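The first chain written gets the first letter, and so on, giving A, B, C and D; residue counts start at 1 in each chain.
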Amino acid sequence: MTLLSTRGLSKRFAGLHAVENVDFDLPQGQVRALIGPNGAGKTTFVSLLCGRIAPTQGTVIFDGRDISRLPAHKRINLGMAYTFQITSVFANLTVTENVALAARRRLRGMAMVQATEQALAQVGLEGRLDQNAGDLSYGHQRLLEIAMGLVQHPRLLILDEPTQGLADSEIEGFMALIRSLAGHTTILLVEHNMSVVMQAADQITVLNFGQILAQGSPDEIRADRAVQAAYLGTG
Amino acid sequence: MEIGPYLMLASLEGAVTAAVLALTAVGLSLVFGVMRVVNVAHGEFFMLGAVLAWWITSLIGGHPALGFAVALLVVPVLVGLLAAAADMTVLKRVAYDPERTIVATIGILYILQQVTLMTYGADARPVEPPFNTRLALPWVEFVGGKLQLYWPWGLSTTSYKLAVIGAAAGVLLGVWWGMTRTKVGLLMRATQMDRDMALAFGIPVERVYALVFGLGAGLAAMAAVLIVPIQQAHYLMGGDPLLLSFIVVIIGGLGSLPGTVVAAILIGLSDGIISVFFSPTLAKILATLLVALVLVFRPQGLFGVRRA
Amino acid sequence: MTNDSGKPSTTTRRGALKTLAAGAGAASLPLWARYAQAQTSEPIRIGFQVHRTGIGAAYGRWYDRTTTAAVDMINAAGGINGRMVEILAEDDGTDPKRGAEVVEKFANQHNCDIGFGTLFSHVVIGSAPRAGELKLPYFVVSEGHHVASGMLNRYTLQPGITDVKSQVQAMAPFVSQNLGKKVTMIFPDFAFGHDHRDYFTAAIQEQGGEVVAQIAIPPTETSFTKYFPKIPRETEVVYHVMVGPAVLTFVKELGEFFGPSRPEMFGFIDSLEAVDMASPGLEFLEGTYFWEGNPRYAQTDQSEYDKLYRTAVGVDENGASVGDPKDISTYAHMFGCWETLYVIKAGMEAAGYQGPADRAKLIEAVEAITDMPHSNEHPQGTKLFNGKTHQVFGPQYISRVTDGKLIVVHTTSIEDTMYPDEVDYTTQPL
Amino acid sequence: MSDRAKTVLLHGGLLALLFALQFMLPAYHHGNLARVMVLASYAIGFNVLFGYTGLLSLGHAMFFAAGMYGMGLAVQVFDAAPALALVAGAGAGLVVSGVVGMLALRTAGVAFMIVTLMFAQAGYLTILYFGSYTRGDEGFVIQQAQRILWGIDLSDPTNRYFAAFALFASCLLITLWLVRAPFGKVLIAIRENEERAMMLGYDVFAHKLAAVIVSGTIAAMAGAVYGLLFGYVGASFASVQYSIFPLLWVLLGGAGTILGPFIGTLFMFYLIDLSSGITTAYMLVAGVALVALTLFAPQGLAGAVRKRIWRGLP
């Protein structure tokens, strides 16, 4: 069953085609990676999905429902979660409160407290509950972002460059986390780190100049000449 | 009075309002355009201009034109220096954060106002105009199918009012020339477009900011020197020009100098003409609401170019 | 000590120049510091609510000087009931909220016997409820109709100055008989201006005249010419009244508008209070008429009482400060402070006032006063006090500008200023 | 001691102290404290929007005045009983803040400040324009007979103090509960990072609108009670200065703290009361305070306590 799909999705900024005419389908339960060279329109594309920016044209369908006109917060309420590429935590609030804010939309009372603690444990931040989020290292802020996504128990988790700035050991942990979610949470992963992509993703979609260049399993993508060309800058 | 001469008189009066308003508002707009901060104390720099003009003309004595000429030259510089000092001691230290700057300039507003009260006092004091001749104006009417001139009751202006319009236009041209044709103007425009880039190119942004803040205040002070022979210097006179300048700058697009001048002319002229048709207090209510709604529904168009 | 023009609290033109030049921010001394004279053990403490800042400050300065002069004179003559009078001045910022706080301060902090002095109507109306609750006799010098209208309370009185209703209606016979029947009114668009509009329109109709146009000018307006074309051509008399810092602009622009061919003009001196008649641009006023609460220029038939009062306050024959001929007094209003203080004195003496316990007796004593003869105590003229409405009635002066001076041409009778009672405060409990 | 216990102790302690002071203070300070409590309630309302939601309004006087005139006109024109008049005042605040919020919240930052300033100016002029009902700048008196609420004469100092205390205590407790409730935490999240709050699924506009309405209605309630307790309704309360005052009080006391508005109002009241004995230009003190606060203590007095002593201070 398809959880999310787009038809003819386009976004232009002052004549620049950041995303152009994208038809995209994401089946339920899949871990999908979205890759592409810098400026390919990956972040713009996921921003269109979750409603941070409005499309110039096209539709977004989530769980069989056209959500193109819904504001961002309503889409999130339907079961999407989004983590920012440039960390965007509540710097002046504690680590716990950051995650609690994400949890509280769905849970109250002790259930909320437990879910918060669990999400923080999942990303390995259980030792830093009372720190201000702004005082965390960059890598830890990335993990906090992921915890804020996890605690929402989303049906679709959109992770925008989650491993950027993480140490190798933290990337290991992250991979384990993704594996533990696989199956019941659908994940859309925008990622630069190819080893993460190749290990974690069921399917890969490649964007270039705002258009879908290729789509397929990690092995297929690895073998794709057009993708190689795009990455080497000769395409 | 018939509607024709009435509109002409309202336009003449409106032109004086517009001239002074344009100078004041361009000062405010310049500060917003380059520094991206709203200076709530702007009206008090206007007030200081009027009070200092009274002070200088009283000290000098002699023919009113002499004291007035000195005031016109000296007062804007004095006020500008004071403003630049305020910029360096206060605004720079809050790093030009927009909201903290508003709060700080509200503080500066009270300080300037109250210090003026303590020294200059609470009275409204007049400055004698350097020259002031009443000029009656003719109007045309049809008599027996032929056009002829007549002199309606009350249709008049004064030589000084005309001079104010001319002087303001001259100063505005000067500002325009300075902004577009001089190196200092280039530095200001570069800073306005991209502060970080300007810094990277070695433009002394802090000095440009102090200069712009001083210049903005100086323009307000000059407007006040021009108007003080028509009105009087009073320590509470800064409120109205501040509000009107806000209105003009918003309608014209914050930071856009030509837009500001056009809006000042529009507001100045319409102020007189609207009050022909509405109760003046109602006209002021409608004008204020209009500005609020313009900001609500057309913010991008009126705030000039938005930064990404 | 009669001439106080050199005192730090009064900012004369020269004084302002000096302080500005020095760039010093020397604050004025509080009044109590200057009055801390060694006197008999228990002075009578009068809380003086004064507009030192805000829109009323120009009036406040002269109310201050008049009060000082009157109290000096009362004390020199032995005080009240053998006790010296001490003034405790507090600035109300010409703001009703601060005004009410100041009244509380008088009653509860300074232990004043009474409160006194304020001018602007909104400050009176904001403060009077507190005075009534605190049972602090509150003597206002405001010329508002709020006292006699019944809006205030038994503890608020206005025995030293006539109210705007009296003043305005007394002008109508003179205007209609001498100047013209078709009147255009120009007034500020708030309560004070609306009182003028309503009372004068009714009064002139009674005289067979009519108001052909009412031009209300919004508060905060700074230029006025654009309103003048609304004056209809048929207008025979322009009736103008304006207040605030822009009054001189208003009158000057009125002159520039009409040029040499003006209609008759009748103004309330409020339009030029504290403004020099010799200011450039006012020449056109020659031959126009003004209401004056008290004639600014010493008249040829000046009474002994006015002479004494004028000297005591330090005002010259042209209505300016003795020390600075350009510092014009608010002569048409400030006599009210002087007369009110003497009414307080008379009331306290009649009541045998000993202390705050006798406040109710003081109110009753003042309510019992009726006739106030023209005297040193009442230099503006003979007055009649109405104990029921707590409002005094008295003569009004109409002056014509002649050779740049205001010369009285008509004095209204007290009867002209009377109107039916609208309230009887004496029925309220004390 | 847990955060919860400390919170209860601190705020309960303040309320108990204020209650007890009723029996100890000399008349002058007794009266002042009643006034300060009403004004602090106004500041509490302002703080909901400024301190907790991060929206700086320069037009709160219009809400204060909406409450004052809603109450005053109900009494004056419709001869309403005080209880009903208070409801009318709060209702007026609710409606005005709802409408203004719907419009002004389409803007942000500096534009929001200017829009609120402009609406407030229009409101002030409207009061003057309808002078036949409002008596314009002069205002009108609420007579003693019209100020008897459920048989309690509000012009009596003791009753006035208790009425002010009741208003202040309810505003304090309501906001204390509010900012600790999920709703308040979302407001704080919006203040800290509006986009992130939106991307957590919160309806940012609805929350901000609710904040404007809560803030405006509390301010209106303070205005209505002020008019009823002190017997006067006037246009000066709608002027720009009365929009600046709560900003000053809240900044001084500590924006985004529950106790800050009270501390700031009390401090400023006595600063002005005492300095008016030294200089006529006592608003100079306000100006210097604003500049100094912006430069040296943007977090205010209670904010400094939170920073240095107890991070959990609500």
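Operating definition for what follows: a residue touches a chain if its C-beta (ideal position, glycine included) is under 8 Å from a C-beta of that chain, and two chains touch if they have at least 3 such contacts.
Just so we're on the same page, UniProt names per chain: A = Amino acid/amide ABC transporter ATP-binding protein 1, HAAT family; B = Amino acid/amide ABC transporter membrane protein 1, HAAT family; D = Amino acid/amide ABC transporter membrane protein 2, HAAT family.
None of these values were measured; they are calculated from a predicted model.
Comparing the CA-atom centres of all chains against that of chain A, the greatest distance is found for C.
Spacing of chain A relative to chain C, judged by their CA centroids, is 75 angstrom.
Distance between chain centres (mean CA atoms), chain C to chain D: 36 Å.
Chain geometry summary: the mean Cα position of chain A and that of chain B are 52 Å apart. Multi-chain contact residues of chain C, defined as those touching 2 or more other chains: 25, 27-28, 52-53, 189, 218-219. Multi-chain contact residues, meaning those touching two or more other chains, occur in chain B at positions 114-115, 117-118, 239, 279, 281, 284.
Chain pairs that touch, as defined above: A-D, B-C, B-D, C-D. On chain D, the positions that touch chain C within their shared complex are 26-28, 30-32, 35, 125, 128, 131-132, 135-142, 144, 155-157, 230-232, 234-237, 273, 276-283.
Remark: chain D residues 182, 185-186, 188-189, 192-193, 195-204 touch chain A in the complex.
In the complex of the two chains, the chain C residues touching chain B come out as 11, 13, 15-17, 19-21, 23-28, 52-55, 57-58, 60-61, 189, 216-223, 225-231, 233, 245-249, 252, 256-259, 261, 274, 279-281. On the side of chain B, the complex with chain C involves touching residues 1, 5-6, 9-10, 13-14, 16-17, 51, 55, 58-59, 114-115, 117-126, 128-129, 132, 134, 136, 153-154, 156-158, 230-232, 234, 236-237, 239-240, 271-272, 275-276, 279-281, 284.
Interface residues of chain B facing chain D in the complex, by the touch rule stated above, are 38, 90, 93-94, 98-100, 102-104, 106-115, 117-118, 239, 243, 246, 250, 279, 281-282, 284-285, 288-289, 291-293, 295-297, 299, 303.
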